[in-house]
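What follows is chain A paired twice: with chain B in the first complex and chain C in the second.
This part shows the complex of A and B:
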């Protein structure tokens, strides 16, 4: 407040080349970068280059399948990052939309002989529509209730897929799904599919960055910051919650469609509730509100899990019980941290875990009206 | 006497048997600063929450320039030209200061999800316009030098100013300030008072909840006094100050000139 008039600024910045010395002024001075490109573009180029050469690097050349699967989960995690990290809504149904996209495309191409590309497109639309319906249903709820209700929704969807034998072949697995071909080019070998999936990851990330840095993204982020304040600035909060949910469902449907024509086999277990939790863990590891973090979170989880399983090889946990325990535990942790922990702050839970904890508001204010207003409900906001 | 910008008629709201706001009626004239004062628990914030649509009133009418607001959802009331700040700060964490203010431009922007995702031509132009407007508001409240910092990193007093800039970016006709001076020191309070007068000079009608009587008496054109959810008194500062009912409610507390 003291330097209210801009002219009263204590340091005349114009003839002061080392403004970096002013702690908070650092943001205004960008270090000179390669070819003067903005850091965001540089990062994208570097990441793109990395993706391009990765399949030929020592470890990766023998693990192309795993890295392609990391790609599917990166798409899922980017979608959930938008919902969870930016719009602040914890949902545990991503795996269901993944499954709906996969099964829609798989069923259409196997049972009706539709071309895979069309099937994937329809899968995206079906997942988005289901996302829209469930958003209308679920977004009356908030916090823990929303998380639980969406978990239930995921279980319903996957149960239907698992039991609808005539269409999905249920627990028997849907087999014989054709490889994706686009304009005569068939994505048969692993390398081609690797590039396809990771090009999709990069596209989805680019779209997400564009959204985040726009009116729509600001509305999403305002929802997380303060839903009432967002409303009082003219944001139709319900509409934007539905939009972000539908967007994430569409991304998940896309990942599912690509997955179906990669594996050629689908079984309901792939889209179990625990997979939804797994995606939440990926997003949390990546740093909740970080689109860049999403693929890294996906990679971390998918690389660490088999290593963990290795520790327990030979025990009765090796059969998959371990994952269930881990994700059950993760669910417990998520719920404990839920109200403020997991979703608040920009750095995710890393800073909290490593002690850079900082209260978000100075709540030690003079009590003024807040302590003695007779109406408790009136004080939740404003 | 000009027509009121805001007219509140017989407005009531109860919560579980407690009458938080009880048949309150008053008018806020355009271009004036109307202060709402009263002891703790008088229903001042509830009144603001009713005007901005955060609660549906139990009974009564809220009329902004002839238009009924009391049944509209929050965001439509905002689009009708009402903006506010919050007693318990509601800055958007995780967003920079200038982005916070750009949220205030939401209702003037048109970009939708598909445009935004594909960076349709025109998105960049709209971004630039919003950013320029937001920076101008930050200039107005004296926060331009913090534009690129994270909102939650601002000290408390500056977060209050940020909320004012964000509300002003929505170009409201009516601006509600809920205890803007709470937690501020004397010099900060003084410059805040000057800022509120500058806002009035821009033609924005201001309503203000404030406990700092010195500030209220100095800048308000009109004062509404509430007590236990009822309107106790209503008038020009001098008239309200000498109203025996007001003096009684404040239990003989001296009301500074």
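This part shows the complex of A and C:
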């Protein structure tokens, strides 16, 4: 669905180019893109317009709920992209922070009758705090062990949510969560929520772009290239990793809070560790270091899975085995052959087709995955 | 808190703990072997346990094989799967100089795919496996099932076997050399890539043994691997990522978990699934180098 985005782009550009074009100035030396707009802004505008008209397009108008859910997962995937792509850490607790945000907001508004907006805010803060505490603990582990430990953290959270009946109602589901209302406007129907969620996705993405292109972002990329080298350049590696982890946790908490007031019902299974794995699959499909890839990956997984499930219904593959096999193989194949994702890479189909929309700034490109140096451990005597 | 536990009850909980601990120790050993030799953490370790259990259970139930033949075949299949994973998934990534996170995601993918394949082949229902030896006996006032002796015995046997392998055989010593310094080992004519294959094969065999001896107690299901894998990982962290530590860590984890369930009332014991991970976080906070290692040794990957 996202590959339609570029075809929409001329519309916003021709409608409202004047101020932006003037601000970027006639003297700009940037390679000319459409109407002299910087490509990044063009892309954001195109994506924004696409999101604006999407609910009225043929297929999408009957699938607004699915597309809203894609939005929740896009927020989660953007957070994980920052952690995986820019801090170089596989983390499997994203669904747990999602759950913490959702249940904090849900419990506050059901049990204590707090207004939903306040509940969402507190949910984000609680998720970020939990992220901070767990990051301080988890980053004591060297390298790869962190992923398993974060999975353990996810299991602690889901166990507490599932068993703490008197607060979360446990397996019986938390029901009766009020719809979100802001200053008297209540988000009642699908369309209002659709716009709210996707506006949040865009905000989160823009925030992430800003971070990536800042000094902090450069530190992140140095970190991913080589942690030791980054350390010798005076980057406090642990502190940066903790910051990005906390940010991802906050994003997940925000997605959770919105989700709670969208669905009005929460059950622990929604935040199981297998959901964290699903988010990893989304990030891998979109490219671990590609913010744009995050919503693409989320859409790909959430659209393809039900189609495949329908296709194989009635066979023994339909019992959940199929998704597992496909997710698993997709992770293996993508990480071996296309570690920077399906959308990126110099030979990819995306840049060739839509070359005009490629970022002109080198810092928008995903970090180099590998060098062409020969392998040290490959062929041995012996 | 119900603090009127008699000594006998505590001892009984310890017996249960030793039981589970034996399995955790076996899984942890698998983690440690691969980590020591290749430097990777294999996320699919728990799924190898599941493969061992599922193949044994299926071979006993469907083609009615005798237990011993089924167990040996299951060990063989699991080892083959592990070797294939090393060849087809880990090696190509290493050749592309993948970073550790990439390899970890690959092993995660392998684990998920294995779960999916087993679920598709054998279905979602658990397979029951008859105990190898029926009956129970009394040990210092605690009741021990003979099946538990199989579990603890398997862990002990594997431990002794590994000790022999790593200290008395050329291959084992070559593997330890790889874990101390891969580059120097290569200069001595040791092939790290072959050692890496042996490590994957060996750890799959150990995991499969664990799966086979636990199958009669818990049954065999397609999704049993993740939890066992995680608990084995916790045991490996407790043990400081070396072989002896992994076994000790497994038993400590098993006993601690059972005692925690035993001494707490239902207000707390309902959270029992989280106990092991709380312990993990506590160890990371207080003793990140493991329960048994001194700080100096934690920097070395020498193993024993």
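Keep this in mind: the second predicted complex is superposed on the first by the 281 of 382 C-alpha atoms of A that agree within 3 Å, B and C clash if a C-alpha of one lies under 4 Å from a C-alpha of the other, contacts with A are read in each partner's own complex, and residues count from 1 in each chain.
The criterion applied here is as follows: contacts are C-beta pairs under 8 Å (C-beta built on N, C-alpha and C of every residue); 3 or more make two chains touch, one makes a residue touch a chain.
Every value quoted in this text rests on a predicted model; they were computed, and no experiment measured them.
By the document's definition of touching, of the two partners only chain B reaches A:230; chain C does not. Once chain A of one complex is fitted onto chain A of the other, the partner contacts of A:221 are limited to chain B, with no touch recorded for chain C.
In the superposition on chain A, A:140 makes contact with chain C only, not with chain B.
In the superposition on chain A, no contact is made by A:174 with either chain B or chain C.
Of the two partner chains placed by superposition, A:107 touches none, neither chain B nor chain C.
When the two complexes are overlaid on their common chain A, residue A:90 makes contact with chain C while staying clear of chain B. Look at A:196: by the touch rule set out above, it reaches neither chain B nor chain C. Across the superposed pair, chain B and chain C both touch chain A at residues 224, 369-371, 373, 375-379, 381-382. Of all residues in chain C, those touching chain A in their complex are 40-41, 43, 89, 91-106, 108-121, 123-124, 182-183, 186, 189-194, 196, 226, 230, 233-234, 237, 270-271, 273-274, 276-278, 280-281, 284-285, 288. Interface residues of chain A, counted against chain B in their complex, comprise 1-6, 9, 24, 27-28, 207-208, 210-211, 213-219, 221-222, 224-226, 228-237, 243, 247, 289, 344-346, 360-362, 365-366, 368-379, 381-382. Partner chain C is touched in their complex by these residues of chain A: 84, 88-90, 92, 134, 137-138, 140-141, 143-145, 147-149, 151-153, 155-156, 159-160, 163, 224, 273, 277, 280, 284, 316-317, 319-332, 335-336, 339, 369-371, 373, 375-382. Residues of chain B touching chain A in their complex: 15-16, 18, 20, 40-41, 44-46, 48-49, 52-55, 73-75, 77-79, 82-84, 86-95, 99, 102-107, 109-113, 115-119, 123, 126-127, 130, 139, 141-142, 144-146, 148-153, 156-158, 161, 166-167, 170, 178-179, 182-184, 187-188, 191-192, 195, 211.
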